[in-house]
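Presented below is the structure to which this report refers.
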Amino acid sequence: MSDHKPKKTIGNRPPRAFGWMAEYSNEHKLLEAARKVRDSGYTDTDAFTPFPVHGIDEALGIKPTKLPFIVLCCGLTGLSLALLMQWWMNGVDYMYIISGKPMGITPASIPVAFEMTILFSAFSTFLGMIALNQLPKFSNPVFTNPRFDRATDDKFFLYVSAKDKYYNRDSVRELLGGTQHDSLDEVIEDSTPDALPRPIWLTALLVVLAGLIPAMIILNMRNGFSTAPRFHVFFDMDFQPKKKAQQTTTIFADGRTMRPQVEGTVARGQLDEQDSFYLGYDPNKLSALENTDGVRLVATQADPKPQDTAKDGGTKVIPAANTPAAPAAALNLPWLTTLPIEANDENMKLGETKFQTYCSACHGYSGYGDGLVHKRAEALGQGFWIPPTSMHIDRVASQPVGQIFHTITKGQGKMPGYAASMNAKERWAVVLYVKALQRSRNASDKDIPEDKKPSIEDLTQPKTEAKK
Amino acid sequence: MATIASASALNPREIDNTDDIPGRRAQLITGNQTYSSVTEMVCRVAEDPQPMLWYVLFGFSSITAVMFLSLIGYLILTGVGIWGNMNPVFWAWPIVNFVFWVGIGHAGTLISAILFLFRQNWRTSINRAAEAMTIFAVICAAIYPGIHVGRAWLAFWLIPYPSLNLWMWPQFRSPLLWDVFAVGTYASTSLVFWYMGMIPDLATYRDRSKTPVKRMIYGLLCLGWTGSSRHWLRYEKAYTLLAALAAPLVLSVHTVVSFDFAVSQVAGWHTTIFPPYFVAGAIFSGFAMVVTLLVPVRKIYKLENLITLRHLDNMNKIILATGSLVGLAYGTEFFIAWYSKNPYEGFTFMNRAFGPYWWAYWIMVSCNVISPQLFWFKKFRTTPWIMVIISIFVNIGMWFERFVITVTSLSRDYLPSSWGYFRPTIFDGLMFFGSFGVFMSLFLLFCRYLPTIAMSEVKGVMSSSEHAEHLQAELLGGGHSHGHGHH
Amino acid sequence: MSLKYDKETIELPSNWKQYAPLLICAGLICLVVGAGLSFMGGRSDGGASPMKYLVHSYLANFMFLFTFSLGALFFVLIQFLTRAGWSSSIRRIAEIIMAILPWSAVLFLPLVVLLYTPEGSALYEWNAPAEEIHNSIIRDKTGYLEKGFFTVRTFLYFGLLTGMALWYFSKSRQQDETGDVELSLARQKWAGPLIMIFSLTVTFAIFDWVMSIDADWYSTIFAVYVFAASMMAFFAMMVVINMTLQKAGKLKDLVTVEHYHDMGKFMFGFVMFWSYIAFSQLVLIWYANIPEETNWFRMRLEGGWAYYSYSLIFLHFAIPFLGLMSRHVRRNRTALYFWACWLLVVHWMDMTFLIMPNVPGGFSVIPMLGHLLGGAGMLFVFAALFIVRSSGVPLVAMRDPRLPEALTYTNPLL
């Protein structure tokens, strides 16, 4: 039991005093003293005990905490978030169909909603307690008293703060001195320096810096470019024991991974119901013809070349003619007159692509026979060059679609057949495109649908006006 | 108050305080303890040099844990094919082990929360260790589904986050996703509960530390706790709220685990009693594990006066009660399978008991239902070595319960053409064994560095029961003597 | 060393006794008028046999009354099992409710007798002549669900429950005379085994009496559901009885705000537990979507029952859950009394929900009014039986050795 005299100094001033603290040997003495202090009118008081002493809140006049209210609010937030999350994620943004269960909020949403409610409530309870208690607080003037170590063991402390509006150093000492205390000390300012010791700073700095490294690496990788192969932490399925299309193999004699179609087979989905789809004419009608035109046409087919075993399937081998066939217009053949594919945007786009890939080099983008090859040949002045046929001359423009298909398939004159490069559907798409090209050359404004006219008129306006 | 207790001849600290004459409560902790002697007893566990046994056990269990971690690495590099999971039993040991460990992880929070709500003061001596055990068991449990997902490094896809790679969300109608939320909430809430409970005791450790480094570490861990009454007020409120929140949470976790099975249409899995029956089983196995751990702990660290025979007796009674509840659930299931006249249900249960897995079924019944019945006898409830054996049997039985549920139903379901017989591989066995290494290593570290008994709570109960005795004596008009009261 | 107390404070109010015959009469009148309404309404409705309304209604109302005693018996057993002290001063009220069990058995008798009449299958369809049962599953079950065996089992259930209740009641009464501590120890010792018998009995009794009205349906959790509901109803009834007695100037200082607080917590807890069990049953059946199981819920969501069934989510869970959440509500007499009455009403609704939708023809107002009147009648009968049972019995076991604990404990937290 001693009046604690501050021995150390802070800078060149004596440490400040924060109040008085008395020590008691049990909770009953503490409660008695606390009541006494409260009855004397002091309110800025506190008790420090190794366990919660019941009745101390009344004895000191501590108000109940508002923690339950905070927890209730956070719990309800968790509940609403969980319901909203499930409703939006599975009911709106990404709808799974799971055994025909309804989307959105169902009995199946309850477990997650419950867990989220508890999660939010529990964390708000803990964090709320920490925050309301203003913890962590590592420096506290009460720690300056070496006897205070036993506040977490078996001793009970009562503290009257100097901030209390009725505080008077001597009268408080007298008041606490009148209780059954074991010791009575003045709480003084902590004289140890405020700054953290240098090694702790350094360690903390190092830890923070080290912690930044992975983040920097990730940031660099996310934003930079690299030609080096990907670094695989986990292989996922990036390396699989399998061969891709153009790779070699030792398994097969020809060393190719890609295998040719087995002879006499048709791949699934490759066989159209109509033979005419692959030929451009009706073979039944052809064989019924009595004149020699049919025989001549068939004769050109009787000599298949190996490179032309087309993608269209083995049974439908359509060889390209390497001998010029008779002028097709002269033949009275059962050509298809309607397209076997639909004339829609998709096929038109396909036809355009294929046309520009395979045909435009000679025939030109508009089909006038003025392709790059032709221009080059003319520029070189090659006399033996036979110009490609324009598609807009009457002879070609009047051909039925089947005949154009046949020409693309088998070739004509110097033009090779394209059966090896394009499958039947693609060739039909080219036919569609060619027909569209032909028609576009002889179109009148009647052909333009009414609703499209304004937009076309826009195009014809001078640009300066359009800008307005 | 006169103590209704008698000391054992062999060990003077072993005092039988299991019985009390109605109207007079036997003391919860024996040996006329004071506040400082409680502090002393508990802090000594961490302050004194550890016994040789600690090093032996820790060496063994950490080697086992390292083996487990290496096997996890091997599994990730190779794939889940190293396990015995094979058509038709795709859910085999991994889920059995998961449910086993999660079940064990129920006792801690149950003791802290539900027994707290029921004002069972005896919980204060055992709750800390039980909560620690809970967290370690949940860690072991969470490993199994984590490594069972195949690409373990993408397990975070289970969390609903706005992913630029996936452009999709988890499937919230799946009970497996509910598990993620339930086990995740349970693990984090239990951790918070455990840590919050430890704050005042960590402050005690801080104030008793001899070296500045220790003082600083414990000081940081206890957040600068002073024991201020204002802090205590909010702390107790927070503790109460957490208890009230954790109580339904404990129930929900094993309920959700049971949903993994019960929402399906598999015969033997789809039965409505699964939720409460799983919860009862979890409490059962959890308490068994607490008994298995605390009996040696109290012996090694000489804590018999704090973890008294009464605590063990009470836990054994709970084991008996929950074991009988589990038995009732087995019976109800069997009865309804017969009563329902559903041929698939009927077959499944006959197949469990008399089919190819008859041995697992009868191990389960004898360990889970029959062995705890020994606890009807006080002799068995109060003899430490016997209760350890019984509690180990209980946990064996509970492992087999999950095995029986998972494997028997899957191996013979609706399609007899794909029936099969499950055979585990060596990796199944080693990885189950290895998880005990993780569990034990963590528990041993806990004993060494953290307060194993909630000192502040024990002291609080000492104070309040003294107060209660005082009030009762006043009501009866005095004349009541006081044992350890000190007015 | 015993407590000084005012003898009058633990006696039933003297004028209550004369109410007993009145209550019985009122109860019987309500039951008869209710039955009439059910019968007439059932007939005018044209759908189902009027007898079906009548017997289903009677079973639901019987369960309403029976569950109080069931909860009370469990409460008394668990208090001894856990050596509880706090409840010593309110336990006698529970013991009186529990001691009504033999009369409950008498009230169930008409339903047993019914099995042997030509209308024998009005309640239990499995009791129809074999050739009239078209559902093969039910036909398969008639080995177990058979009137003779059913009767034997019913007597066994009532025998066991009544036996336990009366034994505990007599020991408690003996202690009033002798104050012998051994009487507490004996009850403590037997509480464990008897709780096991109790749970088995209740499980099978609920399967037989309630679940088998829908003979091809089954749910393993069903008995737990009814048990949860019973406990909630029991605590609500305890609050109502204790407060009524205190209003009549009895039990002064013996039942404190702490007891109400605890009973409030139990009400709250069992509201949650009931919801948990109800949800578990619902979600598993909803999710698996097996037709023979979902049928039970389909019946409760069709024919006008949907609003009624959905309302239980709010009335039986959400509203009382929020209402009872606060400590201040549980410690406030008026508020707690209100919630106790609320829970009694929703408990009646719950028992109705379990049984009445099984009557073919859907929800119809007039028979339901009759059923409601029957429920009120059962409540009157219960009150009368309580008064008869408690006359001459002290309302508090004054010589219970743990009484001082009950009178001094506090609820510092929660």
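Think of it as A, B and C in the order they're written, each chain with its own count starting at 1.
Keep this in mind: a residue touches a chain if its C-beta (ideal position, glycine included) is under 8 Å from a C-beta of that chain, and two chains touch if they have at least 3 such contacts.
No experiment lies behind these values; they were computed from the predicted model shown.
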Farthest chain (mean CA position) relative to subunit A: C
Pair exhibiting more inter-chain C-beta contacts, A-C or B-C: B-C
Centre distance in Å when subunit A and subunit B are each reduced to the mean of their C-alpha atoms: 41
Averaged-CA centre spacing for the pair subunit C and subunit A, given as whole angstrom: 57
Subunit B and subunit C: spacing of chain centres that average the CA atoms, whole Å: 34
Shared interface positions of subunit C, touching two or more other chains: 283, 287, 412
Contacts with 2+ other chains: residues of subunit A: 54, 101, 106, 108
Per-residue multi-chain contacts in subunit B, two or more chains: 236-237, 248, 255, 259, 464
Partner subunit B, residues of subunit A touching it in the complex: 26-28, 46-54, 56-57, 60, 62, 64-65, 67-68, 71, 85-86, 89-90, 93-94, 96, 98, 101, 106, 108-109, 111-112, 114-116, 118-119, 121-123, 125-126, 128-130, 132-133, 135-140, 142-143, 148-154, 233-234, 236
Complex interface listing, subunit C residues touching subunit A: 279, 282-283, 286-287, 289, 412
Of subunit B, residues touching subunit C in the complex: 20-25, 117-119, 236-237, 239-240, 243-244, 248, 251, 255, 259, 262-265, 270-276, 317, 320-321, 324-325, 328-329, 331-333, 336, 339-342, 376, 464, 468, 471-472, 475-477, 479
Touching residues (chain side subunit C, partner subunit B) in the complex: 1-4, 82-83, 85-86, 137, 140-141, 144, 181, 184-185, 188, 192-193, 196, 199-200, 203, 207, 218-224, 265, 272, 276-277, 280-281, 283-285, 287-288, 290, 292, 400-402, 404-405, 407-409, 412-414
Residues of subunit A defined as touching subunit C within the complex: 54, 99-101, 106-108, 110
